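So the structure is just underneath, and the comments pick up after that.
For reference, chains read A, B, C and D in written order, and residue numbers begin at 1 within each chain.
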Amino acid sequence: MAMVCLSDFEAYAKKYLPKIAWDYFAAGADDCTTRDENILAYKRIRFRPQMLRDVSVVDIRTKILGSEISFPVGIAPTGFHQLAWPDGEKSTARAARAMNTCYIASTYSTCTLEEISAAAPGGLRWFQLYIHRNRAASQQLVQRAEALGFQGLVLTTDVPYTGKRRDDVRNGFRLPPHMKVKNLEQAFEVCKMSPLDPSVTWNDIYWLRSLTRLPIIIKGILTREDAELAVRHGVQGIIVSNHGGRQLDEGPATIDALVEVVEAVRGRVEVYVDGGIRKGSDVLKALALGAKCVFIGRPALWGLAYKGEEGLQDVLRILQDEFRLSMALAGCASVSEIGQHLVQFSKL
Amino acid sequence: MAMVCLSDFEAYAKKYLPKIAWDYFAAGADDCTTRDENILAYKRIRFRPQMLRDVSVVDIRTKILGSEISFPVGIAPTGFHQLAWPDGEKSTARAARAMNTCYIASTYSTCTLEEISAAAPGGLRWFQLYIHRNRAASQQLVQRAEALGFQGLVLTTDVPYTGKRRDDVRNGFRLPPHMKVKNLEQAFEVCKMSPLDPSVTWNDIYWLRSLTRLPIIIKGILTREDAELAVRHGVQGIIVSNHGGRQLDEGPATIDALVEVVEAVRGRVEVYVDGGIRKGSDVLKALALGAKCVFIGRPALWGLAYKGEEGLQDVLRILQDEFRLSMALAGCASVSEIGQHLVQFSKL
Amino acid sequence: MAMVCLSDFEAYAKKYLPKIAWDYFAAGADDCTTRDENILAYKRIRFRPQMLRDVSVVDIRTKILGSEISFPVGIAPTGFHQLAWPDGEKSTARAARAMNTCYIASTYSTCTLEEISAAAPGGLRWFQLYIHRNRAASQQLVQRAEALGFQGLVLTTDVPYTGKRRDDVRNGFRLPPHMKVKNLEQAFEVCKMSPLDPSVTWNDIYWLRSLTRLPIIIKGILTREDAELAVRHGVQGIIVSNHGGRQLDEGPATIDALVEVVEAVRGRVEVYVDGGIRKGSDVLKALALGAKCVFIGRPALWGLAYKGEEGLQDVLRILQDEFRLSMALAGCASVSEIGQHLVQFSKL
Amino acid sequence: MAMVCLSDFEAYAKKYLPKIAWDYFAAGADDCTTRDENILAYKRIRFRPQMLRDVSVVDIRTKILGSEISFPVGIAPTGFHQLAWPDGEKSTARAARAMNTCYIASTYSTCTLEEISAAAPGGLRWFQLYIHRNRAASQQLVQRAEALGFQGLVLTTDVPYTGKRRDDVRNGFRLPPHMKVKNLEQAFEVCKMSPLDPSVTWNDIYWLRSLTRLPIIIKGILTREDAELAVRHGVQGIIVSNHGGRQLDEGPATIDALVEVVEAVRGRVEVYVDGGIRKGSDVLKALALGAKCVFIGRPALWGLAYKGEEGLQDVLRILQDEFRLSMALAGCASVSEIGQHLVQFSKL
C-alpha cells in the first residue's frame, strides 16, 4: 500500500493498532462534533491563488520564538506514544530532530524528559505542562525541562477535568501495566483521582513565570477575550487549540477561532494553531490566517503507528512536500509572502 | 451494555419497548421535521469557552419559582408512563424526588395525582393541565393538584387538536385495556371524541387564575408576540415548547424560539425550554440563551423503559455530570456565571 | 396498507403504474433539480404559530375569481389522465366536483372537453390552453371551453418547446395506441413535430382576450418582471409555476418565486401557485406567502392511479384535513386570518 | 444504451477505459474538492426565465476573437488523447471542425501539431502553451503553431509544478510506451524532471508577444487582481480555469471566479471559462455571468472514449441542443440577449 497522503497513515493505524489504543487516540468528547469540525472548517476556506509569480525556489523555512524550523509544522503534545510504537516519545523526538522541527513533549509521556532528551540531543523541543494539585511536582517538572534544554513551556489550559470520551468510558481505557506516565511516577498515579488542579487561574501564569526563564506558550485559547488576557499576563505565544475536540464538545473549530485570536493579538505575540491539519494546504491556510506555525497531533501518532521514527518522518515529509507545492501553486516563494489575501471563506 | 450517554437509553428503549409504545413516544407530527430540528438546532450553537477560571467547585444548583433544584433539568409532562414501565408515573415521581428536581405530571398520567403524590411525598411537582370542554372536570383537577401540594400549574396551549402522527395512525394507537387515564376516569374516556377544548383563548388564563393560587406556567409559546401576551396575562413562567415536534410540524426548533422569547420577556417572568435536550452541554446552551431551567421528555421515558425509577435516575445523573463538566470546561463555577457570552450561532 | 399521507399514494402509484407511465408523470427536466427543489423549498419555511386563539370552528373555504371552493386546493392541469386510470379526466372532473373544488383541464386530456363536462355537470372548471401554430385550432378550443361552461382560461407560457426529460427519451415515451389527445384529434397528432407555437408573445394575450369573455389566468410566471407584464396585459390571475420542474431545470422553486411575484402584483390580480405541495401545511405556507389558492399536479395523478375518482377524493380529503389541522395549530380560524406573520424563512 | 446526456458518456468512459487512463482523466488534486466544486457551483445558480418571448428562431452562434463558432462551446486543452481513442487529437480536431467550433490543442498532445492540422484543415484552432525551461523549445512550438494556421496562443499559468493527484501517484501513471508527447519529442522526455519553467512571471508575456502575432489568451486566472494584471500585460483573452481542479485544490469553482474576473475586466478583453460544464444550461449560466464562450475538458475525452470523432460530435451536439433549448425556455432568441438578469445565486 502506497503512503500518499495522511489519510493513508490514518487507515493504517486504524487497521493495525489495538482497538483500545486507536479509540483513545481517535476519541473526541461527547458527539465528536468539534473533533470533526476541526477538519471540516478547513474545507470551507478557499484559496485565491496568484499566477505567474516566480516560484522556481520556494523557501518554506520559518522561525518560532526565534528558532528556525524547516517548515511551519511542529508536533503537538499528545500522551502515551508507547501505545503507538514501542519506543514511544524517543522515536518522536528523533523524527522531529531529523526533520528539523519542534516537538512539544507532553507531561503524559511514556518516556521521561531525560530519555526524550537523550534520544535526540540538540533537537528543538518545548515541554507541555499541566499544573497539578501537587504544585511541587509541577515545579520540579518545569525545572527538569529547563535544565534539559527544552526551549519553551507550553501551559495547557483546557483540562481542569478530562472531557467525556464515550469510547474510552466503554472500553474502560487505561494504560497497559507495562507503560507508565514516567515523568510523574514518583508524584502520583494516573487514572485514579485526577491530579490536575481545576483551581488554576490566570494568576498562576505569574507563578509559572517565577519558576523559569523559558518562554511561556499558552495552549487552549479560543476567544478574543482570553487572547487579550493571555497577552496581558505576559505569555510569549498562544496555541489556538480545542485539544483535538477531546475536551468541550461543540466549541469552535480551531481554524475559525484562529481568525478572532489573531485579530485580538495584533501581532504582540506569536500565535499557533493545532487541530484538523491533514494536508499541506491546510498549513498554508492557517498561515494565511495569521498562524506562525501549526502543530499536528493525531497524524503524528499515525506516523508512529506506521513505522515509529521513520513513519513520523514520512508524515512530516508528505506535509512538507504538499505545503511547498501549495505555496508554489498559490504563487508564494517564501513564507513571508503568505497573507490573508490568499484565502476567503466559502459561503457554504 | 454500558449506559454512557442518553442515546444508549434511546437504543435500549427502541429495542425493548413494544413497537406501538416506542412509536407513540418517538412520534413527531407529519414529516417529523420539527422533532428532529429540536436536536439539530443545538448542534448549530457553538461555545466560547473561557479558560483559567477557578472551577475546583462547580455549583449546579438553581431555583425555579423560588424552589431549589439540584440542577436545572426537570421532567417535562408526557403521557402514559405505564407504557414505559409498570409503575408508571409513580416511578417518575420517585426518581425526580431522589434527584431533587421538578417533575411536571401530565393530565394524561396512567396514575392518579393522588398516587403520584403518595409515591414520593415532599417532591417538587407541578401539574400539567389541558383545558377540557367539560370545564368542571378541569376545575376539579386543578383543585385536586393544589390540595395535593403540587406547586405549579402548567397550562399546555398547543393542543387544540392532536397533531397528525402518522405512525400512530398506522398502528391504530390506543392505550392497552389495562391502562387508564386515571385522572379523568369519571369525566370521559380518551381516544373517543377529543375532550380538549379548542375554543380556549387568552381570557381563560383569568378563569384559571380564579381557580387557584398556584403559579401559572404557560407551555407551548414559540413567538415574541405570544410571549408578550403571556406576560400581560399574568403568568409566572413560560415553557418554550413545540410539544416535542408532535403538534404543528415545521415550527421553529425550541432553542431557536427561546432566543426570541427571552428577548421579548426581558426578565419579567422565568422562561424554560423543552425539546431536543440530549447532553449536559445542551442544558448549558439553553441556560446561556436565557432559560432558567430545561425539561426533558423522551429521555425520561427512555430511562423509565430501561429500569423504572432507577433508570430515570441514571438518565438524570448522566445529564447532571455532563452539565457540571460542560460548565467547568466552559469556565463557569456557578449557574449565575452562565450567560450569552458563552455561545454563538454557527453560520452553518 | 393505510393511506395516511400523500407519499403513501406516491408509493402506490410507483409500484402499480406501468414504468413508462410512472416515469412520464415523475419526470423532471435534466437533473430534476427544480422538481425536487419545489418540495425542499417548503421545508425551509418555518411557522410562527399563535397559541390560544379560538379554533373550535375552522373555516377553510375560499373563493377564486369569485367562485367559492371548499378549500384552497385545486387540480393543476396535467396531461394524459388515462395513463393513470381508465376513465381518465372524467374521473378527475367527478372527484373535483365531489370535493367542491376547481379542476383545470389540460389541452392534452385523453377525454374531450365535452366528455369532461358531461361527466360532472356543474363542477367548477378552468381550461388550460397551449397556443398552437394552428391558431384556428386554439380559437376553436377556447370557444368550445367557454360554451361548455368552463369558467377560466389558463394560458401556459413555459412550453415554447418541451423540456428535456431524460427518462422519457430513454423510454421512447409516447401515448399507447388506444389513447388519444382527443381535444386535438382533428387538428394534428401529438408526438410528431410539436404543434406548440414558440413565437407566442405578450401581445397574444390581446388576441386571446378578443376570443373569449372568460377570465384569463397566466401560468408559468416566475419573476417580478413577468408578473408586472402579466398585470399590464390585463390577465385576471397568475399561477406561479415551473411546470413541476419539467421545463427549464434550475429555475426557482415555486414557493420562492411566489414571494417575489406577490410583492410585484400588490394585490391587483389573484396569484396562485403549483409545484411541491405534499402536505396540508404546505398549503398554509403558500397562503401565508400570498397565494389565493394552490394547485396539485402529481398528487392528483397518484390519487387517480390508486382508485380513480375515489382515490383522488382521498388525496383531496387528506389535504383538506391536514390543512384544517395546520390552521388550527397555527391559530387561524378562517382563511382570512392567514398572513405573512405566520411564517419565516429558515436560515438553513 | 441511449446516450442522452453527458453523464451517459462519463459512465461509458469509466466502464470501458483502462483504469489507469480513466483515473488520469478523472483525477483532481488532493481531496478533489475543487474538481467537484466546479460542478456543484453551477447547481447553486438559479435561472430567472422570461416568458412569452418569440423564440421560434434561436440563434446560438457567437464569435470568439472575431471568429464565428456554431455555439459558445469549444474544446479545452487536455493532454494525451490517444489514451481515450487511437487516433487521439486527430479525431478531436475533426470533430471540432465538423461542429464548427474551436479546439485548443494541448502542448501535451499525442499527435504533432502538423498531424492535427492535416487531419482537419481549415478548422478553428488555438494552441495551448506551457513555457518550458528550454525557452527555444517553446519558441519553436509557438512558431510552428502560427505557421500551421493556429489562430490563438493559450498560455497556461497554473502549472509551475504538477498538482498532486493521488490516484496517479498510486497508479504510477505514465504514458504507455507506444504513445509520445510528440510535439516535444526532440526537446525532452515527459515524466522525468518536469520540463515546465516555474520561474515564469508576468514579464514573460512580453517575451511571448515578441515571438508571435497571434492573440494571446491567458488561462488559469481566478482572481480580480490577476485579471487586472492580465489586461495590463496586453492579453487578448482570459480563460477562467482551475485546470479542472487538478492543480491547487480548494481554490474557487470557476463559475464563481468568473463573476469577479468579469467584473474586474469590464469588457476590455474577452473572458472564457472552463470546468464543470455538464449541461447546455451550464453554458447559458456561464454566458449570463459574462463568459463569451466556455470550453469543455473531460466531457470531450468521454466523447472520444465512446466513439472517437463521432463520439465527440455526439457530445457537442447534445450540448448544442440543450443550450438552444435552455435559451428558448429562458426566453432568449439570440446569444446577445443573454445577460445577468437571467440568473441569481441560490442562498443554499
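One rule holds in what follows: a residue touches a chain if its C-beta (ideal position, glycine included) is under 8 Å from a C-beta of that chain, and two chains touch if they have at least 3 such contacts.
These are the chains along with the protein names UniProt gives them: A, B, C, D = (S)-2-hydroxy-acid oxidase.
The shown structure was predicted, so the numbers you read here are calculated from the model rather than taken from an experiment.
Of all residue numbers seen at the subunit A-subunit D contact, under half occur in both copies; the interface is built from largely non-matching residues. The copies subunit B and subunit C differ by a rotation of 90 degrees on their C-alpha atoms, rounded to the nearest 5. Taking the mean of the C-alpha atoms as each chain's centre, subunit A and subunit B sit 42 Å apart. Among all residues of subunit A, none touch two or more other chains.
Screening every pair of chains for touch gives A-B, A-D, B-C, C-D. Remark: subunit C residues 2, 4-5, 43, 45-56, 279, 281, 322, 325-326, 328-330, 341, 344, 348 touch subunit B in the complex.
Those residues of subunit A that touch subunit B in the shared complex are 30-31, 33, 44, 157-158, 160-161, 163-164, 166, 169-170, 197-202, 204-205, 218, 220-223, 225-226, 229, 247-252.
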